[in-house]
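Quick heads-up: structures coming right below.
The following pair of complexes shares a single chain, chain A, combined with chain B in the former and chain C in the latter.
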Partner chain A sequence: MKRFRRLSEETGQWCRYVLKRSWYWYKKIAESPGAAISLVLLLLLVLMAVLAPAISPRDPYATYIGPRLSAPSWQFPFGTDVLGRDILSRMIYGSQLSLVVGILSAAFSLVFGVILGSISGFYGGKVDSVLMKVVDIWLGFPPLIFALAIVTILGKGVNNVIMAVGISGIPRLARIVRAQVLSVREMSFVEASHAIGAPSWRIIMIHIVPNVLSSVIVLSTLQVAGAIISAASLSFLGMGAQPPTAEWGLMLNEGRAYMRHAWWMTVFPGMALFITVMAVNLLGDRLRELLDPRYRRSRN
Partner chain B sequence: MLQYLGRRLVGIIPVLLIVMTLAFAVIRLIPGDPVRNIIGGQPVSQQVMDNLRAYFNLDEPVYKQYFGFMRNAFVGDFGISYRNRQPVTKVFFQQLPATLQLAAGGILVGILVGGLLGIVSGLFPDSWLDTSFMFLALIGVSMPTFYSAMLLILVFSVILRWIPVVGGGFMGLILPSISSGLWAAGNLARLIRSAILDVMNEDYIRTARAKGLIERRVVLGHAARNASIPVLTLMGLQLALFFGGAAITETVFARQGIGKLLVDSVLEKDYPIVQFGILFTTSAYVFINLAIDMLYAFIDPRIRYD
Partner chain C sequence: MHRRWLGVLLGLLLLLTSVAALADLTVVWGEDRDDLATLDPRITQSRHELQVIRQVFDSLITLDDAGNPVPWLAESWDVAADYTSITFHLKPGILFHDGTPCNADAFKFTYDSIADPATGSQAAIDYLGPYKGTVVHDDLTFTVEYTRPYGAMISGFVLTYLAPVSPTAVQANGDAWFAENPVGTGPFKFVEWVRRSHITLVKNTEYNWAPANALHNGPAYIDTLGFKFIKENSTRAAALETGEIHVGDLMDPLDVMAFEGDDDFDVFLGRVGGVPVTLYLNTSRFPTNDRAVRQAIFHALDLETIVDNVFFGYLKAATGVLASSTFCYWPGGDGYYPYDPAKAEAILEEAGWVDTNGNGIRDKFGQELSIYCPIIFKATLMTAVQAELRKVGIDLNVENVTKARQDELIMNNEYEAGLVRWVATDPSVLGILMHTDNIPAPGYFKFNWQHYSSSVIDRLLAEAESATSPDERCSIYATLQELVYDLALMVPLQETTQTVVYASNLTGLRWEVGNYQAIFYDVQLAD
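Now for the complex of A and B:
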């Protein structure tokens, strides 16, 4: 029991530390106006996804609630699609899936990227060089082909897209984590831990990961954006979300055949995707500015 | 130099062997009987299944299949497509010209547009031109390809009626090139800008100016060469991506090409094609990288590979 209490206390402390450091980074990011706007946009996206049932005017899956392919009007601000479904509602609901896929696959990359990167950076030597060789080959696979290969093995569908996109994100994060671990490893508290005989896994978990995680979590915000585009692309190609799911990539695919007659079927969901990605890219620029000292020098 | 090239080529061999093994494994990892996939779920007699299994060499033990695959691969035989029973390489290389055209177009758009935006922004940092160009570049990197493709069709084919949506020849290549080159252009513009900014702060630029060179010589002779190294790296990467086929652009514009072929093959479970596609695109990536590394030495005499 005592052991358990100590463990839970430590876990609490651990989480608090990581959260505090991440919050510090986000605050620093928001000092630039562009990045602040993008954070607000991303927050709106999250709100849209969470509040979808409350704010969407109609049922996104109800067919023939209006005339088929009707142009934007007061009744249907973004028009209706070929099955007479409300595009605005479908777009709002689409944010749910995009966000879930984005976050889950980024989390997938994060967990395995941190494991791989910490092991590689902490142990160094042969382990490091072998792991980094693997990561290099992994990075060498064109991302879409990689996702295709995984979808080939696992089959179509959203869950497999999450896996596919998550797996192809691992090597990039592993490299970043490794680079960070290399610098944390040399800190005196790690040395002290070694000196009092702490086992390696404990040093990695208690001392190295929390110090690396905050910046990596912030970086995974970018991973989320990449994942959202990749997932939408796969859905667009017919390998991700399947009809009648409300998903942006799939909506664009459905609108493709009707581009001549119903531009609203493609323009609005595409706009949602575009704005999301742009927000994350703005955030990424700011991050690079903060994290990459070379970039900072060249600005002034 | 030649020695280095030789060493690198030898180093590529294990990578290609690993990729080939992975490509082979992909097909064997797919759950279910491949023969069932070939016949597409229709009820057939055991005899037909056995014949098909023998036809595609799927009746041998896996290790024999593996060595057979590797042996055949060395003489350029990558099996037969499940869909149309033609050699994989034939099906694949029929699509290559279309992909190469689009790759050339996309890279051209990327270099012209990205180069212009990046160079101007880099030479006049923090001017209004820089700000607006970098905003354009941000749009370029944020625009999903399938969205830009559809917007281009909407504007130029449906509304303005300048260019037909589907069409061969040069006119048919314009919109796809722009759409697939847009992302490359945005990326290049941003990288070129920061490369130029980095270089312009270097000591040798100050020296060049101090010895009284006209600005044109400073930029072309001293800055451009040094700034081109990271730019080349990115261009190589982009080219490699194009070799994998611009699946999305090809789909939207109803073009032929490797990307479309691979996507269709995945959807229709034509695994030998997927297998070769993985091998082809990965090799393209590896060899383009090597070529770029070699180019470094020509551009920057300080880089010596020995």
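Now for the complex of A and C:
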């Protein structure tokens, strides 16, 4: 019981610390106008995804609500596709899937990347060399090809896409985490924990992971952008979301055949994808600027 | 001084280019598929492969535009009164591209090898019918014999599938080599095949055995015939505009519309015979094992509007198990299950399909009315069909898959619906899709995708095959088509239409009756 209370106290402290740091980082990030804009854009995007049923003007799956392939107009601001579906509504609904897939698959890579990287870095020796050999081989596969292979084995569907994109993102994170852990574990507070007989898992969770998290978060942010693109690419190739799902990559694929006659079928989902990925990337860059010691040094 | 030299140079250049044009008159066909597997007529079942094979191989007989058989390699033929054999009299002096004489022995070799299961014939074997053997009388005369009366023999011999192959080439190099290096008697000789890129043919200068309905005899007019694989519809349209290709196959209806208004291009629309694009419903699996579900699908689809909308009025909704231009087409399918969504819902309700959990999809015994349908083509059409079916509470779960994955799902019986089309001129194609022997099984890729085994259907097919008069055949096939409609084993969706766009300076393009494959023998290219 006592042990539990101490643990919950520590967790509370940790949460408070995280909140305080978040506010601090928010202010830091907003110093750069590009990053501020992308924060706003991302916020809008999240709102769009959450409020999709309320704000989308029409049912994204209803066919022939307008004439097929009608150009953008007041009635259909982004035009309609070949089945007479409203592209604006489909685009709004598409943000849900892109965000969910992007964030969840990045989270998937993050969790497993941190686990792998910490174990490898903390224990060193044979464990490290075996794990890192595996990671090296893994890194050798281009992420998209790797994701394609996984989807082929697991079958299609959103869950499998999340897993596939997530798995293909693990090795990069694992490498970075390991490098960080290698330096953190030599710190005196880690040695002190060892000396008072703390178990390894506790040292990893309480002392090492929080200290490597900052750089990992940056990489994860960039990973979100990559994951959104990968998921859209899979759908574009017919290996991800299936018709009639409103998904940006799938919309691009559907519009491809009509590119010469109906530019709006590809341009709008393409723009949505572009803006989202750019916003995430800009944010990631700003975070790196703030967190990476090399950047900090060059600025001073 | 300068200007005169420039003039001379220009003149030389002009001369050079015109000489080049004379020396190498090339016509290029833009093909929409790039996964050709074989160029052996005995083995193929793909219309994309046949488009190339047709130029390299000749048939014994061909059909004129009215659909009457006319001589090609055979000067004449006699069908036995009881339809158990046919005797051919060949034209003299026909040579394969490798110099082998195309005589009665070559035909015997070709047909014997088709009948040999080791060859792995996918379609030719079906068109050869109940083959017993070939009897060679002399160099130019032979008789093909059947084990039972076979009324459809002529319609088999007009097809590219039964074209003679060079026995010397096959025997010296084997079937696998021949599939990639075809040797026939046709007006064009095979030169090279770069996979996923192009195929090149050159004219056969020895050629003087053109079919009776050709526009000329002797060698072809054009020197080189190219086939370029361009999968993307819009890229094919752009290639036509830039002159990279002269003929574009299976053009997108929107592009056809644009080219129709352009004086530099002509459009050809051929309503292809055979089996239309059809949704085959698997009767061995839930929920399509329920006839009510299958009939409800018919009633729920306003196919005329769907097809008209998706294909901009260029393609036609299917109205039968056979395409309307096919011999023995039964017109009774048109309106057999009229579009009536209320009726579709009533049929489903009556059969116990109700939406109990309010998700918009009906269910029964706690299982959703969800139909898994892997497809490899017609994604837009299927999305439209899916949307219509959803309105009456049926979930058509469409998944775009690769050909390999589709075949695997079919063979392992892991699907409830599949999409098939089959280009053919003769109703005997129904046997390929309906005979009990053609139910797919692991390792056995066949086309009875409805998994429906019926001794009645098998008997009707056998009777139609041995019927001796066309009227008798058609009445048997009509019974069969009505039966299949009544059982609702399949939902015909859209008639296959060859939408070809070609440069208007290209003349003499002919089309094979029934399958509308382009014949380049008479083609000329004006400047």
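Here is the rule we go by: the second predicted complex is superposed on the first by the 258 of 300 C-alpha atoms of A that agree within 3 Å, B and C clash if a C-alpha of one lies under 4 Å from a C-alpha of the other, contacts with A are read in each partner's own complex, and residues count from 1 in each chain.
Just so we're on the same page, a residue touches a chain if its C-beta (ideal position, glycine included) is under 8 Å from a C-beta of that chain, and two chains touch if they have at least 3 such contacts.
Everything numeric in this text was worked out from a predicted model, so none of it was measured.
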| item | value |
| --- | --- |
| Partners on chain A (chain B, chain C) - clash or fit | clash |
| Which of chain B and chain C A:G238 touches, first, second, both or neither | both |
| Residue contacts on chain A - larger count, chain B or chain C | B |
| Partner chain in contact with A:Y61 - chain B first, chain C second, else both or neither | second |
| Partner chain in contact with A:P53 - chain B first, chain C second, else both or neither | neither |
| Which superposed partner A:R256 touches (first chain B, second chain C, both, neither) | both |
| Contacts of A:G12 with chain B and chain C, given as first, second, both or neither | neither |
| First, second, both or neither for A:T266, with chain B first and chain C second | first |
| First, second, both or neither for A:I145, with chain B first and chain C second | first |
| First (chain B), second (chain C), both or neither touched by A:P33 | neither |
| Clash-bearing segment of chain C, relative to chain B, as chosen among 81-89, 315-323, 333-341 or 405-413 | 405-413 |
| Shared chain A surface residues [contacts with chain B and with chain C] | 156, 238, 256, 259-260 |
| Chain A to chain C touching residues, read off their complex | 61-64, 68, 82-84, 156, 238, 242-244, 254, 256-261 |
| Chain B-touching residues of chain A, taken from the complex the two chains share | 137, 140-142, 144-145, 148-149, 151-153, 156, 229, 232-233, 236-239, 249, 252-253, 255-256, 259-260, 263, 266-267, 270, 273-274, 277-278, 281-282, 285, 294-295, 297-299 |
| Chain C to chain A touching residues, read off their complex | 232-234, 237-238, 252, 254-255, 258, 309-310, 379-380, 382-384, 386-388, 390, 397-401 |
| Of all residues in chain B, those that touch chain A in their complex | 15, 18-19, 26, 29-30, 138-139, 141-147, 150-151, 153-154, 158, 194, 197-198, 201, 240-241, 244, 247-248, 251-252, 259, 262-263, 266-267, 269, 271, 274, 277-278, 281-282, 285-286 |
